[in-house]
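Structure first, commentary second.
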Amino acid sequence: MSTLAAYATSTGEAFQFWVLGTVAVIGALCTVFMKKAVHSALCLAGTMIVLAVFYLANGAYFLGIVQIVVYTGAIMMLFLFVVMLVGVTAADSLKETIKGQRWLALLCGLGFAVLLVGGIGNASLKEFNGLGQANSAGNVEGLAALIFTKYVFAFEITGALLITAAVGAMVLTHRERTERAKTQRELAEERVREGKHLPPLPAPGVYARHNAVDIAGLLPDGTPSELTVSKTLRDRGQIRDVSSEALSDLRALEQRADERLGRSGHAASSTDDAASGGKKEAAK
Amino acid sequence: MSPVNYLYLAALLFAIGATGVLIRRNAIVVFMCIELMLNACNLTLVTFSRMHGNLDGQIIAFFTMVVAAAEVVVGLAIIVSLFRSRHSASVDDASLMKL
Amino acid sequence: MSFPLLTATAAVPAIGAIVTAAVPAARRSAAKWLALLFSLATLVLAVVVGVRFDPGGDRYQLTESHAWIADFGVRYELGVDGIGVALIGLTALLIPFVILAGWHDADPEETGSKRWRPTQGFFALILMVEAMVVLSFEATDVFLFYILFEAMLIPMYFLIGGFGDRAHAGSDEKAAAQRSYAAVKFLLYNLVGGLIMLAAVIGLYVVAGNFSLQEIAAARASGELNMATNTERLLFLGFFFAFAVKAPLWPLHTWLPNAMGEATAPVAVLITAVVDKVGTFAMLRFCLGLFPEASKWATPAILVLALISIVYGALLAVGQRDIKRLIAYASISHFGFIIMGIFAMTSQGQSGATLYMVNHGISTAALMLVAGFLISRRGSRLIADFGGVQKVAPVLAGTFLVGSLATLSLPGLAPFVSEFLVLVGTFARYPVIGIIATFGIVLAALYTLVLYQRTMTGPVKLEVAKMPDLRVRELVVVAPLIALLIFLGVYPKPVTDLVNPAVGHTLSDVQKKDPKPEVEAAK
Amino acid sequence: MENLIALLVAAPLLGAAVLLCGGRRLDRGGHWIGTLLAVVSFAVGVLLFTDMLGKDPEHRAMHQALFSWIPVEGFQADVAFQLDQLSMTFVLLITGVGSLIHVYSIGYMEHDERRRRFFGYLNLFLAAMLLLVIADNYLLLYVGWEGVGLASYLLIGFWQHKPSAATAAKKAFLVNRVGDMGLSIAIMLMFTTFGTFAFGPVLESTSETSEGMLTAIGLMLLLAACGKSAQVPLQSWLGDAMEGPTPVSALIHAATMVTAGVYLITRSGAIFNGAPDAQLAVVIVGAVTLLFGAIVGCAKDDIKKALAGSTMSQIGYMILAAGLGPIGYAFAIMHLVTHGFFKAGLFLGAGSVMHGMNDEVDMRKYGGLRKYMPVTFVTFGLGYLAIIGFPGLSGFWSKDKIIEAAFAYDDGIRGWIFGGVALLGAGITAFYMTRVMIMTFFGEKRWQPDAEGNEPHPHESPRSMTIPMIVLAFGSVFAGGLFSLNESFVKWLEPVTQFEHPHPVISVPAITASTVVVLLLGAALAYVMYGRKEVPVTAPRGSLLTRAARRDLLQDDFNHVVLVRGGEHLTRSLVYVDHTMVDGAVNGTAAGFGGLSGRLRKVQNGFARSYAVSMFGGTAILIAATLLMRAV
């Protein structure tokens, strides 16, 4: 392993760099440009893993592992959880709302990249000495030695920081119920006062085939009713509208039934009352 | 190949992350981009530590990770509570800085 | 380490300001008495300074010097020459009268002001101004002076904007708007001037390496420090601009009429009789002291501007409809005389100019304060609203007349001496300018007498008929001022003896000699 | 003895201070204080006079230095007095006539509730006038010069409730200010030339400087004299000054103050002697004014204005004489003194007439008063004879000498011109004075009820008024003769003003004879015009000249159009300029900045991301900058 940390980089490493480097860049770009937050998260995870490999290649074995375990394993998963909680919002569209923002941003990014690269370029970093004897006693031991001697205070402080962060997260997310929960009576009175929905909200789903929560129930005229879907889904705009396909399925069903029974004359009429019957059910 | 390339890569990633921060409106994605930038920094640190042949760089990178973790926890908590209050995770919706 | 007399002179009013401001709201009237007390104490100290000062002695006396900002060589350095003593005396003398005259100007029950602790604030601010002005007359460190020069604006801003004249045309809102306009205008003009000066101050530091007036002047005299011509000129202009705004010199004068018109009479006196003097004083001490060559270079232009101020100010005074604005323009004309005297670079001119600062302070105070009493009685500042006051309030009219006569510099009253000295001093070197400036005395007669005629004489106007004559408090304010005007007009020797040596020093700074009379020259 | 000089000024000054600051409690006795102090001053004057007579003519000048007034490097102005024969003459005239007029005023101002202040002003005037004549340097003289201007301002405008009076007062002060400007410029010139302005050094070293400089100084002094002595072109204020109470007109605008110009020129004789051109200017001014005043005097129906015109013209005589140099100075002063007597007398007489006629001033509404106020008639008549130069009376002696001197200006055409003018003036004087006399005291009554409609009941004035008139009448009869006894007056003044005998272009007796003839002609003409036929109560339209003369020969109209209107337009436009241009420029810049900031505000759209962009861009620029610095 220590060869990897030698001051000359092997062709293998070079090869690895070029391949994985491209992957990393692509991952980063996808992170930025993927439409859905989930995809961005996944791409980012990929990039991070690549970086982990690079850490290893640079002789930072401990960090490499930590990177995989903590970052990719924990933090990214945390991201995913939040994505799940918050969901895919309207904000996900890449359509720019602020005039000229995107172009400015791209310009700045590009310029920044050029500058950094240029800066590194004309910094004289030609000769370098590997981690050979630094890692001689093993990378982890080396780090430990440093952390618990030279950087011990910083280390302690980071501990404090983590605790604070944890507490902070709790404080922020935990919601105290400030007012007493409303009794059923009060709710009912409120509803009457508002005069919107005296009866309970209608259930979602059309027929037995579609009773998924995200499918709006159909009104007698076949249009979907938002009311039948839970508020969260509505906010996320995740309502699936199946009214048309449901009706077409029904018609197809009727047709096949007629064919089998060989009656053709009053097929239309029967479809009608079938449809009407369907509507009746929907009305219930 | 010289390890300097790692630095170039890091720079590139950093720039991409920054651009993302500026472009995306979804707070979570913005956050991810910030993580990306942090990681880019870590990569440079690690590379430098290799170049100078001591471990301080790695230590710093390590601390960065810790801090990043803490920051993510708090940040995400903020996002969640934000979403609770205004049913959106768009950074533009919080445009209260206007006079 | 002897007793720091100069610091004390400035510290007493400063402490007074704090104490006055701290007076509890319940015992508001105590604030007035406290303020008066402290201002009188300052007067006593000023007199002590005048006594301890030896005109024949060194140039700067009673000096104090302590390190302040060591890194930049900024020192807390005080010292007075004769000119400084005279002006400190003037300031310390006028403030008690200002306070007395403004006795009721900040009473909420009279002004109906909803401001927080108006009375305490008013008098505290006045004392604060006094402290700063006095200290700026004492400062011999350019940086210290600059700080004071700028800090002065803060209390003045609040005095102008916060305690306006109740006698105004139009609605309260309109008046408030005009007042804040005037205050902001005052602030902006002086700030711009101050900032340009700041640039020059920094430049001076870069060139000279320290801020001490004496050291720099000495270095220049001994030739250790010689500035490039253009550098010196630029620095000079930087300083002069600030002082010209403060003084004010045409065409930087337009803030003065607004400020004096909108402020209460005592504050107007504070502006023109006390604060503006810092500008002319600084021209004499800093412009000439630090940049003699540049001063000589700029003299012709400045004299022309001063001349314009004299004539222009007088003509505009004739055209005014508002008593206080009229007095303001008259002051502009007088400041023209002062600046002309300073830059005539003759001992008569400069002694005259210094004397003029003192006399103008007293005469304007007298006229403006009486005008203030008049205005507060009628509730209007428009000349057209008065008429025949002389018949109902003879004493008021009489004092007003004396003030007017002083303003037109009638012989026997103080301003004549100074004005004539300035004219002679200017004439001796620049005859044409001197002669044109002499027209100013005719115009002065015109605007003052027209003012007196329109307000005091003629048939008694209905609104004026019930006007009461001067009250005791008001007499106590006016009588001493008039007495002083007459005394200094008949026997100005005390002041001239104080001033002459200092003027001699200034002239030696610029290496100018008085022109010899023809006959002696012939001999 | 010399230390008494200050007392001359101090006494009336004290009176003024006491009376003006004394307040109401002095209202009852105030006028006595004022009169007393005037008399004290007169007594001191007499004392000094006797003392002076005791010394030999060359060493009569007394000197008293009080204190150093304005001590400045290279500039010495002292408060010091010099009392020589010239000053002495004035002191006696001023205090003497002054005292008389104080007495007169006690009666005249009896019914005025502000009498105390009136006497205060009178005392102030005496003090200033005395200061003027006993000052030993020009600057101190200037103080007195403006002091009398102030006093005259206060007294002309004494009845301030009358707008006309207030305006007249202001006008008088302003016109005088123009003259004062001349004086102050003259003083500056002296300072730059001689390094001092004390009489002694200046007048002794005139020989050392160029004639051009002397001419300049002389002309400036002449300007001053014109202002104070109401000479063309600055004469316009004197007519309006008659708005003041009559005693004021008598004392200030006839006997003393208006003659200050003559004093100034005589005092500065040495300067004028060295500057013939200046002298010529003086003579011309005098000649022009003496005709001007005389013509104006002929046209006025207001008795006081008519007298004012004659004053103007008589002072014209004096100025003319003073311009003639050593041959004229003495006569100028002599005429000044005699004129002081009879003109004061005439004015007091006029005042007495008005007193009896409900303050009516229009002579066309008098007539036949001689029966009703005999004392006034007699004294006025004597004054009349004196002023027209009736042989034997004061005016004759002084005026005749001036005419001689005028003929002696040079033995060429100028002598003829100036002499002729002086002679003609004498004739016109006779004409208008006779006119006044006839219209007032002879003919039949043309009395009219005044504004309140109460008929006038002419009556002789109280004793306090008549006695001064009688005294002055004596003066106007005998003073001239007294002075001319073996040229005592000329000899008296000679040490100060020098004296040369004039050598007129024609023989002296011829001049005297022609003078008498001319004045008889003038008187006769007046008798024909006003004594023989009815005097209309409302003035006839009259000839063009008459109408012009009624309006002071259009001088006021000229002033009004050119100076007043022009000045108003100038100030208005300047006010506009100040508001729009000077102020506008500043406010304009302010507005500009306001607009700019308005634009910049749009950048702050409140979106965190766009702020982030600017931050990021800024960082990029910083990096670029650093890299560039490294590269360079």
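General remarks:
Read from first to last, the chains carry the letters A, B, C and D; within each, the first residue is number 1.
The rule is simple: a residue touches a chain if its C-beta (ideal position, glycine included) is under 8 Å from a C-beta of that chain, and two chains touch if they have at least 3 such contacts.
The structure presented is a predicted model; accordingly, all values stated were derived computationally and were not measured.
Set against one another, A-D and C-D show the most C-beta pairs in contact at C-D. The greatest centre-to-centre gap from chain B, using C-alpha centroids, is found for D.
Spacing of chain A relative to chain D, judged by their CA centroids, is 106 angstrom. Chain D has its Cα centroid 37 Å from the Cα centroid of chain C. Centroids built from CA atoms put chain C at 74 Å from chain A. Measuring from the averaged C-alpha position of chain B to that of chain C gives a distance of 63 Å.
Residue positions of chain B touching 2 or more other chains, listed in rising order: 18, 22, 25, 91-92. Each of residues 98, 101, 104-105, 108-109, 112, 116 in chain A touches at least two other chains. Touching two or more other chains at once is no residue of chain C.
Chains touching one another form the pairs A-B, A-D, B-D, C-D.
The part of chain D that touches chain A in the complex is made up of residues 605, 607, 609-610, 613, 616-617, 619-620, 623-624, 627, 630-631. Chain A contributes residues 5, 7, 9, 11, 13-14, 17, 21, 24-25, 28-29, 31-32, 37, 40-41, 44, 47-48, 51, 54-55, 58-60, 62-63, 66-67, 70-71, 74-75, 78-79, 82-83, 85-86, 89-92, 94, 96-98, 101-102, 104-106, 108-110, 112-113, 116-117, 120, 125-126, 128-135, 139, 142-143, 146-147, 150-151, 154-155, 158, 161-162, 164-166, 168-170, 172-173, 175, 235 to its touches with chain B in the complex.
Chain D meets chain C in the complex at residues 20, 67-75, 79, 139, 142-143, 145-147, 150, 153, 157, 160-161, 163, 165-167, 169-170, 173-174, 177-178, 180-181, 184-185, 187-189, 191-196, 205, 208-209, 213, 567, 570-572, 574-575, 578, 582-583, 586, 590. Considering their complex, residues 601, 604-609, 611-613, 616 of chain D touch chain B. Touching chain D in their complex are the following residues of chain B: 18, 21-22, 25, 91-92, 94-99.
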